[in-house]
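Quick one: this structure, given as structure tokens, is what I'll be asking you about.
Letters are used for the chains, namely A, B and C, taken in the order the chains are written, and counting of residues starts over at 1 for each.
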Amino acid sequence: MPPEKIITLTTDFGYEDGYVGVVKGVILKICPQARTVDLSHEIQPWNISAASWILANSFNYFPEGTVHVAVVDPGVGTRRRFLLIEAGGYYFIGPDNGIFSGVLSLVSGDIRAFELTQTDYWLPEMSTSFHARDVFAPVAAHFVAGVAPENFGREIAKESLSYLPAREPKLKQDRLEGSVVYVDRFGNLITNIKRDMVKTASLCQVGKRSIGRIGQTYGSAEQGAPVAFVGSHGFLEIAVSQGRANEKLDAGVNTPVILFQRDPAVVKAE
Amino acid sequence: MPPEKIITLTTDFGYEDGYVGVVKGVILKICPQARTVDLSHEIQPWNISAASWILANSFNYFPEGTVHVAVVDPGVGTRRRFLLIEAGGYYFIGPDNGIFSGVLSLVSGDIRAFELTQTDYWLPEMSTSFHARDVFAPVAAHFVAGVAPENFGREIAKESLSYLPAREPKLKQDRLEGSVVYVDRFGNLITNIKRDMVKTASLCQVGKRSIGRIGQTYGSAEQGAPVAFVGSHGFLEIAVSQGRANEKLDAGVNTPVILFQRDPAVVKAE
Amino acid sequence: MPPEKIITLTTDFGYEDGYVGVVKGVILKICPQARTVDLSHEIQPWNISAASWILANSFNYFPEGTVHVAVVDPGVGTRRRFLLIEAGGYYFIGPDNGIFSGVLSLVSGDIRAFELTQTDYWLPEMSTSFHARDVFAPVAAHFVAGVAPENFGREIAKESLSYLPAREPKLKQDRLEGSVVYVDRFGNLITNIKRDMVKTASLCQVGKRSIGRIGQTYGSAEQGAPVAFVGSHGFLEIAVSQGRANEKLDAGVNTPVILFQRDPAVVKAE
């Protein structure tokens, strides 16, 4: 039983329609001691990949045993499984559509997955389009209230879970070819190039534009100039001091980001 | 006394100015055990009707005894009453401007209404433009802290409360004429046609465009195609799978939605 | 030790990226009894002045002892101090960049300030770009958990703190020259002219446009017409009933707002 009864919520529901409030109401009605924390509800509608990325970069800042409910679900109402996953000391509840890919790729150790089928723990009336309210919220609430995972449905093989396509950088002779995987509110471009892949002597190129050598932080560059540095998520990030890197560099998710281990001009000349 | 001390907040205050935070501060200062839940603060400014609709579709997902504070109030500072209403096992606090119409139309059983006049339970300094902070929040906090409804002011007749104009669908010879009453973040068009008015054989028309027969859910249609189905609120809803129905169909609040019990072409030919 | 363990958060992080959720996770991991309240996370990126204004107009609506964490920090990663300030019965945690100017200008009585240097109370891994997560959140959590201010670093002189330039109205012979200091979600123009500077007989001019005499509230004017009145923050405010004053009057932050003690035409004619 998760000791702190903390349930985080990650959705694309937005804040205007009351959907998130209703989810919290359902949780509190079942388990008044539960405490909900919003991770994000402003994920671009149906962007499973963004939800997966946010969750992977956030889940382990919470107390161990926290239950993370994540629902970005373009396939709502069609056949896909409902999941409760135990991984890395945390719990994850949501649809089996790849939303937990990011987390699962990070966690070492045992992973247990359960398919939610026991309707006794769902709301009595089930809609075809709001499973966060009807299935995931009540299951999360019953779970933090003390119901064991096995009671929600049978255990399933972790190999059977849905994954999004992996987006790993490729190491070539003289370069590392990564890409932008997330653009945040500030327009910062966050890549899939991990801290330990970055050599400070490297030259960075975003799309077709050279950024120069890896810096330390926003303050490394003049206002308005782009800078590449290892960001707070532990990945190479391209930012513009007090500006928007995505606009300045005309870049977005999937834009190639290349690290040259030596100056490409020098390489060419040799 | 509401046992769980849960207070929900529904406003058009938005999230940028700190207004919602201040309301919560006022509540916590009076009753530190109170727990607030945001239902929505992104209601379109002054749209009482949207607030009423959200509240009506959300209030009873919360634990019984929950206090719902709702403040969308274009008439702030002019003469209209302040209310505390007990209805259907829940409590409602806000201005007497029709914002509770939706809830009151749904609740059966006793309804008690009180006019808030006892200034001892308000903030000492009263502004003319922020009654959520100065009146409604402190009253809600004192109420969950244990003050009886009678102490806030005299009981008034429920017939004297303000209501928004009713928007019920009309049944004609061969058709049911409803309309869109709410458009959500996803662009879904939610109508006033209830689940039990919908016959699955019906043909649905939005504005001047035919949608075809009633489906089951988003997944009933191909991506980009509109589909009509009974949505999570229990009303007929028109959506576009991974698209925006309001844009695709050039529709919004008050757009007519007609259900033909038989194919209109057939009707015409007969 | 702050008795209610309430921590408010004021940032420009927005709601989409999960940054705010992570800050709350860090707090709950260190002090599960802490309770966080969002003051605003939609402050315009890097707008320290807006954050200072919101904080100054909100902090004392919370229970005494509340800890206010405020992080709008264009200089993150460069050299500026981290602060814990005790003022007016409240606590403030954030960067030393002027974000607490508004609060400090209002508080009378003792002010104590500490420079956060004791890294034992920070997250073990320190990024260069997310100090809210790595420094301010953990310090706030340890503080409400009972760690004394002195343990986080040495006390520093309050005179050494950073302040934003003061924006006080100027009193001239026949007029008071103020300006707009904040524009809220509704487009209301909030000025730096305090309640006790306003004489009800005054004529108000915004930019080059005369608004007429000071009214009582939104309802004082016809729909669509501008009205000047003492708003809920205690400052002269210009609004348009059910409209946006900033657009109607083509005004924004720093637009001059002038109060004439007598009709300027009369003054001129004399």
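One rule holds for everything that comes next: contacts are C-beta pairs under 8 Å (C-beta built on N, C-alpha and C of every residue); 3 or more make two chains touch, one makes a residue touch a chain.
If you're wondering where the values come from, they're calculated on a predicted model, not measured in any experiment.
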Across the interface between the identical copies subunit B and subunit C, with over half of residue numbers shared counting as same and under half as different, the residues used are different
A CA-based fit of subunit A to subunit C gives a rotation angle in degrees, as a multiple of 5, equal to 120
So, in whole Å, the Cα centroid of subunit B is separated from that of subunit C by 32
Note: subunit C residues in touch with at least two other chains are 15
In their shared complex, subunit C is touched by residues of subunit B numbered 13-22, 24-26, 28-29, 32, 45-46, 74-78, 127-130, 133-134
Residue set of subunit A touching subunit C in the complex reads 4, 6, 8, 10, 15, 37-43, 54-55, 57-58, 61-63, 66, 184-186, 216-220, 229-232, 237, 239, 241-242
